[in-house]
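One chain, subunit A, links the two complexes that follow: it is found with subunit B in the first and with subunit C in the second.
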Partner chain A sequence: MKGFTIILRRELAGLYFSPVSWFLLAATLLYNGFFFLTMLQASGGEVNLALSAMHQGPLWFLLSFLAPLLTMRMISEEGRSGMLEFLLTAPVTDAAVVLGKLVASTVFLVVAWTSVPLYALLCQFLGAPPDWGQVATQWLGVAFVATLFSGIGLVASAASATPLFAAFLAILANLLLLVLPLATGFVRGPWREGAEWVRDKIDVQAHFQGSFLTGAIDSAHLVFYAAWIGLVVFLAVRLLESKRWAR
Partner chain B sequence: MILVQNLIRRFGSLTAVDGIDFEIGAGEVVGFLGPNGAGKSTTLRILAGFLPATRGRVVVAGHDVLTESMEVRRRIGYLPEAVPLYRDHRVEEMLLFQGRLHGLSRREARRRAGEVLERVGMGERSRSIIGRLSKGQRQRIGLAVALLPDPEVLLLDEPTSGLDPLQRIEVRKLLGELAADRTVLLSSHILPEVEAVAPRVIVLHRGRIVADGTNQELVEALGGRSHVRFEAVVGDPLEAQRLLLQLPGVRSVREEGTAGIHRGFRIDADGDVREDVGALAAQRGWAIRELSWQRPTLEQLFLRLALDLDPLEGEPGGEPVPVETPASPQESVQLELPVAGESVAPQAPGPAPTLNPFQPPPPPAT
Partner chain C sequence: MSAESRGGWGAFSRLSLWVRSLAGALLAVGAAVLLIDLADWKYWRHDFSLSGRNTLDPAVIDLIEELPEPIVIDVFYRPLLDPYATISNQVTARFLEVARVAMESNRDRIDVRVHDPRDVEETQVRQKELGVSGVNFVLFSTASGSRKARAELYGEIAVVDWGNPTFEGAKYLEGEGIHGAIGPTWRAGSFTPARLSSFRGVEVLATSLLKVSSETSPKVYFTAGSGEPSLEGTENTDLSGLVEALEADGFEVEPWDPSKTPDVPEDCSVLAAIGPTQPFPEGTLERIRDWVAAGGRLIAAPDGAALESGQEGGVGDLLRSYGMIPEPGVVCEPLRGAGGEDVEGDYRCALLNITNEGLSASSPLTAPLRERGRRLDFLLTPALRRGGLDGGAPLLEIVTSSNRAWLDRPVGKGQYDFRRSRNESTGRKALIMEAQLPSGETLANGEIRRGHVLGIASSGFLSNGLIQTNRDFLLNAFNTMDADRHWRIRVSPLPRPESRLDLARSDALHRLSLGLYLVLPLLCALTGLGLVVRRRS
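So, the complex of A and B:
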């Protein structure tokens, strides 16, 4: 896709040359270190258990906030500064602009989370080897989740006039995506079946836990994530296109 | 090189561009002139492929903007009014980014970056952080970015907006150089800029083209004909007026007040009649204080638009029709534009029925 790699490189450079990003990276390292140590102690030194625990609460909480902070400026700020007009009159497609930004954010998030597999490597050196197959699938799953949350962030950024509002919208959407499946458990009576059907379609955590977390790669779960990512990318491209119609 | 046919762009109920047509040939330099909100930026954005048109056809460099947008984007250099630059980038990084977007190899982009930076006079600032440059320097970098892919067509929206007078002169000079080897369409509401750079001017007002031609054609089309200004000690002003009117080619003579013992006259003629007037003055022994050729400027046309005096008044069809200069002197007073050297400040309406702020004060009763 024309221009994708050029946009991706620029966005990555923008992320890695920004002091804020390095602050976020450092904060993530501390966050991961604290929780991994806590989980490791709570599991009695069982590395695989600690790793699994890391990919439940801490992962989702971190990505729900970190992805919006990374993506909030990517479209809304460029709209304000006029850079969007520059990009959208350059010989690159709207989809290349969105995908370049999406992949840049995903790469940053995955790199930030890679400290967890590094802790696993440290445990290996210390004589407690983890299940590397499981670590690899968990890492792959994190890449899918990071892509999805980055996509949601880009949709919010494209729909908002200011980065702060974009971050607020994206965090809200991420939390809703995590909380709504839990809420369906409270539905009773004739609506229960429908609520469960909806939960099955939106429960990103359950699809992660049913596949990547356990070390299994199931095509059904891959398709589930691919469909969600496709949807948010489509929305982001359409919203970007709608900027052309705004005055 | 640029063909625009019946272009319409609406934003909800607002019609920003209202059925405009024009054609610009290869190598032409054209200025888009009009007050704020006239539709200049919207038209440029449509030409650049950023905004889709509501209706109409736009062809740039032989490609339809709507159906062959990518081809058009490869062939244009577009500088929006808010110069789009990544402020945290170094100048050369921004230029390399633009080059890579246009499919240049890294080496080629670097070579072009050096060339265009030299061209805009910023060769020594390639390592500067863009955010630390002055507004004028950023404007030049914006121009360099637009020029980098060596575009066939250059679209510049208010290229000197926000610059100080010195910076404006520099950018204007640069635009003059750029115009030598490519098609340029630049918009501005600053008249000297357009007059200095573009031989042809398209005047937009309320989304419609109200005039299209060279500077002189425009001012003449809108009733601002050149005339001779004559001031001398003539004795009997009525006799002088009669004699002047008898000169060949003179259509009207109007007295324009007195300064001490000198009488001023405005002589409208088919050509420059200064020699005939001078000969008559010598023959009659009139002591001349002024004998000059007064040429109206585009500025007056623009002020007329800016003050919301519709140049198309009385032309419901909306076509850019030249305003005829009527034959009778009285009508001439009502239609004429001020000339260079006259005050262009709006004045209170005089006894004449039209509310023309440019109408000169009535001559004193004799």
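So, the complex of A and C:
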């Protein structure tokens, strides 16, 4: 636990004391602001509709790219700079290293997305109170998605020697995760049922839209995200561990 | 000296470690999939939204819990093109929301399948499997496909005021199976957009679930053996369209030949005596009357030619016993000429389009049609005249012609001139009448199941030639007549969580733009710049 806290603090400090992170945050706020105002105007000023629409395209696009950009250096860069050897010989477990980095990245992403509940608050002050229950579940759902995408980024970072290649791999994996469920719709004949089964197991958007987006919490959807996050953490730990004997 | 002997890792050790890691990863994937499957099997769900948008009415939840077998909801839709794309998206999205909430309330009982309108092949395969056709409707069916209920997206699930469409727009809507877009107030050349008048998604869901979950399908018997139109034939005068519509709505349809089994079948929910051209076998009329007096439900429509020939022992006599006197002839209405003058002598005078004006507002059979702006069509139809009914039972004229109509008498055998002669007076002619008998069967719960008769002036009204227009009325009639099908349960609609900023008349947009585009991003950018400066110093 102590090792985890140390890694987490180190990663958070690395993120929040880096000017690049703040410029990235500024760009994210501009991106979110643009989409929120566009959605608000398109929905004729309907706040709940605009907030929900933010969690459709804009959220997934942002996280697919932002999470890999944050995590790309976390393991691969440390391997290049020699910091990893120091980490692997330090009295912290591989799981603590991965979890510390995962939570740090998630916190950064969730804070970046907290701008959306902030918009809801602004709307409340302007006289259109949003459905706060829905805002809260959407925010919680974003936390799960951010954790999953950060985990995928860490797996890519642990699997590649260079940060850029790690980012490329992670973005590809994220986009595949979003596109594959749609592609299963084109499967015909006897494979269709199998394709639908696979879709149910990988469709991260549907599990988000089926509960968090509409203001509900569903244990099946919580377990879905927990299982995938558990899987990517396990893979990242295994890949980190392999650095000990792969040299 | 080998690497292994120097304390490093040998090739074999590395290979075995990679294999172990790979096996571990595969096992982890398997465990994740298993966990996801298990979580779907037993789950907990709570609605945290303040509006309760994920929670159905308790009555509907109870209904879903008590479903005897899983129900599949197939949504077949095709988005409408502009200028109706917005309303089409609105209707579809709202129903899909209702279906989703229903499914999420009990995933074991409800399965929703939305058919991609672009995937014509898959849609056709599924429609063939279900024995239905068309677009923009929802079919509720049991997993085995034995019981079905169909609901139209436009008119039934969502009541849409189509505004004042252009002529091309109205034609396009007709092509999409949406009738009645051009109402009596239609004005050429002035377009007003469509809007959603009311949304009955939850009500239709509840009604349809009730229909498909009833243990036994109600049976409709059509009299046979006396020259009635065919139940399977595809000619304009046949009844296969009606039979298909009834079966899609969860009814079982059977013929009843009184010459073979004289008594009305015991499991008969509604008896339909439609257009026999010959008299019924002796004693049949008495047996039908006794059955109705004991609480039976009868829909009867005479054949125009049989009436004209003065035939006895047929549907005409049956209707007379309930105070509905069929009058031979053809109800005609004058056409409008180019200069606005009345035109007679044209066979089209005998094609009647009955709009709101001729539909009773107080009858549950016609009131929904009025709300949806539907019309009914009659062709070469005789009229009904009010007679006396024993016991002072109510006798209602629920569908009538306009007051410019006259009953055209034949000028030769089966020949009409479609001109009003001096002895043919104008005025409203009753085309469909309804009688509720004072007598009936006392049920176990003490309620009296009264006999109910619906008299339709012409058998052609139910035929393939007119079923497209008259389908909704007929389904409504059969459902209402079936005493055991009290589908109309009152449910509260799914709330629409709305909270609107007035962007046009307030400075909300300006303030938001300022905060979202300037203040928040600038704060972050300034912090980043501060860090750059601090690092350099």
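The definition used in the following text is that the second predicted complex is superposed on the first by the 246 of 247 C-alpha atoms of A that agree within 3 Å, B and C clash if a C-alpha of one lies under 4 Å from a C-alpha of the other, contacts with A are read in each partner's own complex, and residues count from 1 in each chain.
By our rule, contacts are C-beta pairs under 8 Å (C-beta built on N, C-alpha and C of every residue); 3 or more make two chains touch, one makes a residue touch a chain.
What you are looking at is a predicted structure, and each value in this text was computed from that prediction instead of being measured.
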Contact breadth on subunit A, by residue count: subunit C or subunit B | C
Partner chain in contact with A:Pro117 - subunit B first, subunit C second, else both or neither = neither
So, A:Leu235: does it touch subunit B (first), subunit C (second), both, or neither?
-> second
Based on the superposed arrangement, let me know which partner A:Phe17 touches: subunit B (first), subunit C (second), both, or neither?
-> both
Look at A:Gly82 in the shared chain and tell me whether it touches subunit B only, subunit C only, both, or neither; answer first, second, both or neither.
-> first
Of the two partner chains, subunit B (first) and subunit C (second), which one does A:Pro91 touch, if any: first, second, both, or neither?
-> first
On subunit A, what residues does subunit B touch that subunit C touches as well?
-> 17-18, 245, 247
Which residues of subunit B touch subunit A in the complex?
-> 11, 14, 16, 45, 48-52, 70, 73-74, 76, 78, 80, 82-88, 93, 97-98, 100-103, 145
Touch list for subunit A against partner subunit C, complex | 17-23, 25-27, 29-30, 32-34, 36-37, 40-41, 44-48, 115, 118-119, 122-123, 126-134, 136-137, 185, 188, 200-201, 210-211, 214-220, 222-224, 226-228, 230-231, 234-235, 238, 241-242, 245-247
Residues on subunit C engaged by subunit A in the complex (per definition of touch) = 8-9, 13-14, 17-18, 21, 24-25, 28-29, 31-33, 35-36, 38-40, 43-51, 53-54, 100, 104, 116, 119, 121-122, 497-503, 506, 508-509, 511-513, 515-517, 520-522, 524-525, 527-529, 531-532, 535
Residue ranges of subunit A in contact with subunit B within the complex = 2-3, 6, 10, 13-14, 17-18, 81-83, 85-86, 88-93, 244-245, 247
